[in-house]
Amino acid sequence: MTQEPQQFASDNYAGICPAAWAAMDEANRGYVPAYGEDPWTQRASDSFRTLFETDCEVFFAFNGTAANSLALAALCQSYHSVICSSSAHVETDECGAPEFFSNGSKLLVAQTEGGKLTPEAVRALATGRSDIHFPKPRAVTITQPTETGQVYSLDEIRALSAICRELGLRLHMDGARFANACAALGCSPAEMTWRSGVDVLCFGGTKNGMAAGEAILFFDHALAVDFDYRCKQAGQLASKMRFLAAPWVGMLESGVWLSNAAHGNDCARRLATAIADLPGIEPMFPVEANAVFLRAPEPVLEGLRARGWRFYTFIGGGARFMFAWDADPARVDALAGDLRAAVQEAQAGVTLAA
Amino acid sequence: MTQEPQQFASDNYAGICPAAWAAMDEANRGYVPAYGEDPWTQRASDSFRTLFETDCEVFFAFNGTAANSLALAALCQSYHSVICSSSAHVETDECGAPEFFSNGSKLLVAQTEGGKLTPEAVRALATGRSDIHFPKPRAVTITQPTETGQVYSLDEIRALSAICRELGLRLHMDGARFANACAALGCSPAEMTWRSGVDVLCFGGTKNGMAAGEAILFFDHALAVDFDYRCKQAGQLASKMRFLAAPWVGMLESGVWLSNAAHGNDCARRLATAIADLPGIEPMFPVEANAVFLRAPEPVLEGLRARGWRFYTFIGGGARFMFAWDADPARVDALAGDLRAAVQEAQAGVTLAA
Amino acid sequence: MTQEPQQFASDNYAGICPAAWAAMDEANRGYVPAYGEDPWTQRASDSFRTLFETDCEVFFAFNGTAANSLALAALCQSYHSVICSSSAHVETDECGAPEFFSNGSKLLVAQTEGGKLTPEAVRALATGRSDIHFPKPRAVTITQPTETGQVYSLDEIRALSAICRELGLRLHMDGARFANACAALGCSPAEMTWRSGVDVLCFGGTKNGMAAGEAILFFDHALAVDFDYRCKQAGQLASKMRFLAAPWVGMLESGVWLSNAAHGNDCARRLATAIADLPGIEPMFPVEANAVFLRAPEPVLEGLRARGWRFYTFIGGGARFMFAWDADPARVDALAGDLRAAVQEAQAGVTLAA
Amino acid sequence: MTQEPQQFASDNYAGICPAAWAAMDEANRGYVPAYGEDPWTQRASDSFRTLFETDCEVFFAFNGTAANSLALAALCQSYHSVICSSSAHVETDECGAPEFFSNGSKLLVAQTEGGKLTPEAVRALATGRSDIHFPKPRAVTITQPTETGQVYSLDEIRALSAICRELGLRLHMDGARFANACAALGCSPAEMTWRSGVDVLCFGGTKNGMAAGEAILFFDHALAVDFDYRCKQAGQLASKMRFLAAPWVGMLESGVWLSNAAHGNDCARRLATAIADLPGIEPMFPVEANAVFLRAPEPVLEGLRARGWRFYTFIGGGARFMFAWDADPARVDALAGDLRAAVQEAQAGVTLAA
């Protein structure tokens, strides 16, 4: 695996970062109580409260699908609905988990440009029906950054939370790559969440450099009542909880959560910059976090593949490149170089053919 | 934590064993595909097939509650029921998870001595009702070893699977401490499961020395159809699956899965033997795996607590001691000694009081 | 069907009473809006408010299983539990419907004498566990009258609601035969429900003389929020609602709801009185509503069957006789006479055999 | 209610037809066993088998939402998905019932012209994703006739069932107005269903002239295994089942099921014909069953309302008129006349304004 051709196919392909690993190692000493009654869980929870500058409620789940679904189920009854973007992970990649955990809450999908929800789209979906034959809207979920790597500005979040307040909806943030959004905006976690009106945040640890694990933060205590029971019943309570909690301690206390994310973002920008002048190659979306989606002629993509690169093209046929916490800048440059070569080759081929 | 007074309170209080840790460390190199498409997951699955001497279907879940619930949900529809012992973990300690994952399957609880199901109890519950006003029995689940540390013999398992076959029921084995049962009986995993008629096994890794993770083994391929979707929807598909899978590789290939368990069992027997002559102290259950439940006068339990020991008394008021993969024999001896001292003290106290 | 041998096997075997029928007939004129926006639904709801002397929330469901399950689901989340008697219909005869509608709420079953819950039993079940590994108790359900025909006194209901208030539990009353309880106690519906601390009542119409239909009454408005959506989603919103509502109008406004029930109760007492002197025959339970359960030697039961009578023996082997709104007193007398003859015959048989 | 201005707003506004009523009346004699063990249920089931010329499995549910949801839940597990048209009742008007009953099965919605699914749309949705991150397609549901009153031809149904067979999908038909489709095509129920590859049919009784009740017909016996338990658990088993069954006997044996529907269809065509020449008024959809959707200038709609007519405009702003089993042709003519007058008035208004 010296070349690691799939390195940029997904930020889930990366391993555990040193800070998370070291904390797990340290946690792996002696006996501690199970099910979250241990000092590491307490310390991780407190680290979140410190980072978010508020006395929020903190829970840990094994993965993002569960975290999002449990959070939404806490906001909704089965006959309620959740407004999301058509490209939201909860809609496209969780195999009906939100519907399963909530016992039937429907996702109301907005077709919006670039995958961002807008107040207008929320209003349209939330007020389009008000009869009992259609699930009553109760929550809005946004992905920050979006699946295609755009970051909601603070103003955009505030506008969404304002319409949520107006319409009696709760605002959930799917932060599978929350750290990348913080790094991108340069704002504090508090600013991006509760100070902007977010009610619940799922903060992703896996893509941020951990083996597994997401944190669910409730900024409104009332929403968290009995949430520990909900996690337990849904198979999301770890017995040896310290191993879910300790990595957070390692990452939050050291600031690695943010530097890991900033590094991924930097690599994305590095690629985008390096290829900005390439004819026929254009980013499908603004490069704001750790993702680059490139629209490129098929011969160019073929040329990349021929040079060993692996990538997904599931969104609009564009090539997706994701940059993890440990993306290698030299490999980014190599990718840019190969892309340039592939473009030239394709042009030559066209010329020849002509 | 030098004394670790809670060391024997639960086998969930122990950490990660060296074999599991080393495998995670080795797995934490480079980039590999996510969601189980990596070499470690393949290798762990193959290790299970080798160990069980059959081409079973292998899936990985984060914890035992999820593994049991998903397996039972695969056997039942919501209007079916599952026969279990009144002390089964699915009934007493999973917060309604089986009912949640199955969307309502009812547990039919047998009151049996020592927590073991019997063919008679299964027959009584399975044939007591046959009208549509009561959930139709569809599966039987046994815990091997039981919550109180008894081990079903191969003959007992075969008798249970025979009645299951006769009555059209499927047999599920909750093996949260499956390795301890193997070590206790000295039989092969194959003998204890599919060769004795078990349809599905949940093999516990957490108590066996891992950070987290259980394997679900289907010996009947038909039962495993689309089970990967079920895991995904229920929030049990790890993106960085290698970290759930690699520890299994480390433990199965080395044989540590069995030696870890044998060590726990040995410590339990060591305690039981050391205190066999103590007046007024008696095991509540035969000591067959890694658990010792002691019935003791309250002053004796108080004496133990005064000496710093921590333990649960949730079953019949007896003191539970669980021995993990790394239980310290010197501490076992210390516990035995303190118990002896507490007995003498209590006797002296009684004499004084008289 | 001149003899109608199964007449007393179940009070579900009876048809529609004249008052309900006439109201349906009257309702079957012209066009009215669907889904409860019609005048009949309004009038039926108001009739309930008048009868119960309070501005309660009123909903209509098709049958008792749905009514109970929907009401309990409104009180509980999936990780909560409901305390009930071991003979409660929700536990024994609804095929797991409460678990299904609630997505997993567990029933905690009290083994109590005569099928009545007691404050002590509630306290024991509600406080026995308080850890997150077991579903949190959230509601208590009582059947009034019980499945075996006993009626909770007002004092008993008040004692139960007092412990519910103390422990933060909600009190649900399964009133499949609510009218029979009112007739038995001679108290007002208000006294038996909200004035005694009941939060939600399911008032059974089917056994009271209707074709189908139960009313769900919330005395606490907060519990009824969005309950109309819950009914709709669960397939319990009738499009031609007038036909579920009108029979209630016919029965409530006329008082037939009470006289129907009183008649059933009278017939039960009539049988009990007529056979009080029969040797070897004894009621298994006090005859307080419209049920008589008789413990009788098997030869006597055989004698009854030989004379054409049909009855169930599913509770403790005793013969159950249920008296519907239109039970024929002459047939009650005939049953008593045949029972007397069967006893004599059995005695003679014994004498002969001896 | 002499004018009955809302007469054509919905075919749910009509009452019970004489044939259904008479059968209920006849059924309301004497005592019969409950829960479908009565002669009427047997006879209704047999009537369906006769009408459909096959030994299908027959079940009865209280309403269409439940019937559709139960049928789909029998075809799917929670992690499966159901392909439907964007205008399907299961998607737009059942408040998430399919998701609730199935515990999460997702509806995959095809945007098709006129609300009819096509083989191409089915193929696109069924093959678009094949990874475990998205619910696996398992069933297709079509509404016959569609919500806007179009009827699938036999060829269209056969083409859909062919693609279903090819892709391993089951075909469900929502026949809330099934009789109207039979009347429209002039084909036999068998031809339109199992002979064309339909696996399960929900045959609507309510709109056909009953008080309540739908029949669920499985043409593949394997799909119906334990379906009686499913109905019971979901609160859809009537205790006094004869009153759900008898109306079917009355309607099927007499042929009224078909003549009722034909009458509704006739009235729709009568309206369409009468207004065909009106300028600015056009049917939004072909008038093939008992629905007419008219696109008309707002002043015209206002003119209709001013003349007392009530109608919905929830689909594309068009005015919906539905013709029930007892629609009054004189009123149809009156509506046509008022529409003509409203058009003229609007034209005059425009002229005046100009």
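Letters A, B, C and D name the chains as they come in the text, with residue numbers starting at 1 for each one.
Just so we're on the same page, a contact is a pair of C-beta atoms (placed from the backbone, for glycine too) under 8 Å apart; a residue touches a chain by one contact, two chains touch by 3 or more.
Just so it is clear, the model here is predicted, and its values are computed rather than measured.
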item	value
Any chain in contact with subunit A as well as subunit B	C, D
Pair joined by the larger number of C-beta contacts - B-C, C-D	C-D
Inter-centroid spacing, subunit C versus subunit A (mean Cα positions, whole Å)	52
Mean-CA-position distance for subunit C and subunit B (Å)	42
Subunit C-subunit D separation of Cα centroids, rounded to whole Å	35
Contacts with 2+ other chains: residues of subunit D	35, 78-79, 94-97, 100, 103-104, 132-133, 135, 229, 232-233, 237
Contacting residues of subunit A [partner subunit D, same complex]	78-79, 81, 92-97, 99-100, 103-106, 132-135
Residues of subunit A defined as touching subunit C within the complex	35, 77-80, 103-104, 132-133, 135-136, 226, 228-230, 232-233, 237
Subunit B to subunit A touching residues, read off their complex	1, 4, 6-7, 9-10, 12-16, 21, 24, 27-35, 61-67, 69-70, 94-97, 100-101, 103, 206-207, 211-212, 229, 232-240, 243-244, 324
